[in-house]
Amino acid sequence: MRIGVVTFPGSLDDTDAARAVRYAGAEPVRLWHADRDLRRVDAVILPGGFSYGDYLRCGAIARFSPVMAELIPAARAGLPVLGICNGFQILCEAHLLPGALTRNAGLRFITRDVRLTVGNATTPWTGGYHAGQQLLVPLKSGEGAYAADQATLDELEAAGRVVVRYAGEAPNGAARGIAGICSDDGNVVGLMPHPEHAIDPLTGPSADGLGFFTSVVRAFAGAAAATEAEAGALR
Amino acid sequence: MATVIVDVMLKPEIHDPQGEAVLGASHRLGFGNVTAVRQGKRFELEIDGPADGAALAAVEELARELLANPVIEEFSLHPAD
Amino acid sequence: MATVIVDVMLKPEIHDPQGEAVLGASHRLGFGNVTAVRQGKRFELEIDGPADGAALAAVEELARELLANPVIEEFSLHPAD
Amino acid sequence: MSDEDTVEVAAGTPDRPQPFAELGLTKQEYEKIRHLLGRRPTAAELALYSVMWSEHCSYKSSKVHLRQLAPGEQQSEALLAGIGANAGVVDIGQGYAVTFKIESHNHPSFVEPHQGAATGVGGIVRDILAMGARPVAVMDALRFGPADAHDTARVLPGVVSGISFYGNCLGLPNIGGELAFDPCYAGNPLVNALCVGVMRHHDLKAAVATGPGNKVVLFGSRTGPDGVGGASVLASATFEGAGGEGKAAKRPSVQVGDPFMEKLLVECCLELYASGLIEGIQDLGAAGVACATTELSAGGSGGMRVTLDDVPLRDPTLSPAEILMSESQERMMAVVTPANVRAFLEVCARWDVEATVIGEVTGDGMLTMTWRGGTVVSIPPETAADGPVYQRPMARPADLDALQAGTPDGLDRPKDGQGLRAALLALLGSPDLADKSWVTAQYDRYVRGDTVLAMPEDGGLLRVDERTNLGIALATDGNGRYCRLDPYLGTRLALSEAYRNVAMTGARPVAVTNCMNFGSPEDPAVMWQLAEAVRGLADGCRELGIPVTGGNVSLYNQTGSNAIHPTPVIGVLGVHEDVRRRLGAGFTTDGARLVLLGTTGEEFGGSAWAHVLHAHLGGRPPAPDLPSERRLATLIAQAAAAGLLSAAHDLSDGGLAIALAESCLSGGRGCRVSLNGDPFAGLFSESPARAVVCVSPGREPEFAALCEANEVPATVLGTTGGEALAVEGAFDIPVAELRKVWEGTLPALFG
């Protein structure tokens, strides 16, 4: 499986996302913000960082890059996309996910290992977890408080689109403790904590985050097998 | 050459921790009669040519597209005086 | 009850990378006739009582003490209309 | 016609008065410039010499002392580049080289804490980048006035947010540092930033301009009026009011950092290096274009010709002198062959980095600059690069005898278990020893995915190679109180503590960097302190067998006649052969045997106990013991490699009491220990060369044998486990109570 990792000017965790892809047994493919080209990848990760310095608003400028012009329709058509931290912010700015990420309640940047509860284990990025599972993953952001109007929040909850939630009090003031959400049909997932920094206890607090990457690999293998079976039936 | 100001504020229903922090600090500094604070952004844009209707319409589009996030923010604009 | 606006901008001689980033993005989005952007802060303060001379003087002191960093920023204030 | 002060004009107007004093030059220095040039300098030349000969750039007061730091032969084996380069470079094996350096940004951080600290990080990162390395981590050593002082509440949060903003946005993990408070730093906070970079041996770059005909390229941010306050006197003096005044009014002394541009610059440079497009490179730090052009040409084969009109400006009103002095951030200068210029510019364009050819290398030995057709600089570059050297008067501080005589021996000591318990909690909750998460939680420690250890561990540890698990460890330490009592011993103590902290991870210490923070060199007492500190560092490194690879001197850290404590901050780099074998400080298992390594004496001079409980500073600091440090480090490295230990934590401020408390807190479990002899000395003495370790179950005999083989005294203290830190016959403190005291302090002070 080929998973694209986009590098915007100011992307920082792109190497780490690529490493996580490798650990999960897939091939990372580097995508460049200025190219209108997804290089025929099977999924895309928008990594963490400070794209365009996060000047103006996090993700606001990256949203207009040429690569996003390709990604937005592809995501709408079902391509699995994972936005981590800055990537989540970009997905919200691009309206692939509802709501926005706002300044942390304490107004300071926070690096902390946080416990998350999996709320939706049916997306391509979380299929390997089970609902209710607890994960220990680093959070590191200054504008990580998820915000949306009440109607949107209600709708997200009703549709089971809260993918991960902070266990206990949200460290950044996120509405309803939301750490990550998904699109209507689940293929686009965004979250503030960094699963790619929890793939090996040597360099992270746990290996709990690896499941995001192995999940998508499994989902892809499953889909490929299904296509294969279909093709076989046709033959 | 003209200057256009774009003010961007969080929508009233969106929580504004910065404004709250300023309010708290104001009270600690003894400015008790400040009762609420909202903090937003102010952009000063210099444009080629006069700030006529067409120019303001263009800035408005820029504000809607880029300067403000309609999900959480609202904006207003006016030529600088 | 009245509202006072405090605008805080970087002093003109201070480098404003944020404004430059916004300028660059504006050009990429096709807004070529924007020639310069400065980004600052806007505060909306609600105060008890009218925005009279005394109240404005108090807000001015607050702006100098808290809202603006006199080393790199300057501010102006006016009652909201 | 230009009214610029050209070389011609200068030759014709020898008597025009020049504002050398306002630019910080003495009459003698000004005369020397006139003598070197055989005429009066132009305004631009005067600006150039004034910044190049400033204390900051020329090291004119410290140079005579720093010579002692030149490494001896057995220290320099692993050195690929040493003092004098932008940063020293050390061979760490497997074809990798590491470069690291610590630098101060003290004064700017007092004026504007956020931007001052941010640009401090930016500056040191460019130093590392200029060596050809990829910057991989930063650290910050911070010192402020009293924790509860009003101004500390302004300076500290601003400094921390500045470091956080710049380092995080740049994508460099922060893996450690220091935080200390003392009244002597009120008005003179110390903000020292360290950066470390990694490269392959052949990537090493030099800051030289060679090859006549090669092009000089300036790239990165545009040049603005940042930090050219001083140059404005030139404008007014030269033009005598002819439009000069209004212009001179608006020159900021504050530089604003743009970490996003720096990130682009880093990636752009690394791509330029990898493509082989660079002959020589220099970062622009203090003294900007003046310094980069002078040093590149002085280090190279010939001269350089620069067209100042071609420097891209953010403010078109800048004069040549101001362009030369501007401290605008995020700029680099490269020497490129004509054939490569096009490819060079293409790489820059790909990264959205503006790049401009501003001159070329010549063979005439002169640094020449033109502006609007006239020649405004024409000097032999080495005359500016090699500044004056002063042998300033030194004198032992007049109050030192009295200070040393006022020993802590007479201070009231705790008399019983309750008293010891109270003393431990008072120390643990004191701002210097309390939990630093308020600060460190604002720093990204995870980015780049190679951070194996970071705060609150003794040393930061990074993986360098994912395949072989080779790694590097780093720590910085300094102790102003010890150095105030005895700068020679205090510096050796700072060195030994940083060395020990690195060793605790299981790494082998290999090299040293330093930042010398002192008061005014014009005060003979301060000069004596500086000389003693440098002597201590030189002797210490020789005894440890490791070289000093570089550093930085920051003088004039004083308000009126009150100088800061002499505060050398020492950074030590270690090599870890297998980061999977790293040791942390936390007690992570129950029932493990706890062993104290080293020898405990009665050493309370300058101690945390005397400071926190009695506000006392007097006597002599502990006696450093570098041979014992060496043996301890060897022991830990061997034991870690053999898997004999599950934790190691060095003893420093607050002695065994604080070390045990920290290990309990970090591992989330208690321990039970018994002490022979006087429990007060056992708990609070600060004798160096000591550590506590947790021995892996079943490996006790092996470890005991290893201690013996290395001649490291080992005393069994007790075992880990339980809910409390328990000292037999003295006290029990629940870990939860320790935590409340330890974690509460900084949030209560800073929100």
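When the chains are written out, they are named A, B, C and D in that same order, and each has its own residue count from 1.
Here is the rule we go by: contacts are C-beta pairs under 8 Å (C-beta built on N, C-alpha and C of every residue); 3 or more make two chains touch, one makes a residue touch a chain.
None of these values were measured; they are calculated from a predicted model.
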Chain pair with more C-beta contacts, A-C versus C-D: C-D
Separation of mean Cα positions, chain C and chain A [Å, integer]: 35
Whole-Å gap between the CA centroids of chain B and chain D: 40
Where chain B and chain C are represented by their mean Cα positions, the distance between them in whole Å: 9
Residues of chain C engaged with two or more neighbouring chains: 17, 21-22, 25, 29, 39
Set of chain A residues in contact with two or more other chains: 52-53, 55-56, 60-61, 64
Multi-partner residues of chain D (at least 2 other chains): 258, 260-261, 352
Contact pairs between chains, per stated definition: A-B, A-C, A-D, B-C, C-D
Contact set on chain C toward chain D in their complex: 10-17, 21, 24, 69, 71-72
In the complex, chain B residues that touch chain C: 1, 7-9, 19, 22, 25-26, 29, 31, 33-49, 55, 58-59, 61-62, 65-67
Residue ranges of chain A in contact with chain B within the complex: 56-57, 60-61, 64, 92-93, 98-100, 102-107, 145, 147-149, 173
List of chain A residues in touch with chain C within their complex: 52-53, 55-56, 60-61, 64
Touch list for chain C against partner chain A, complex: 17-18, 21-22, 25, 28-29, 39
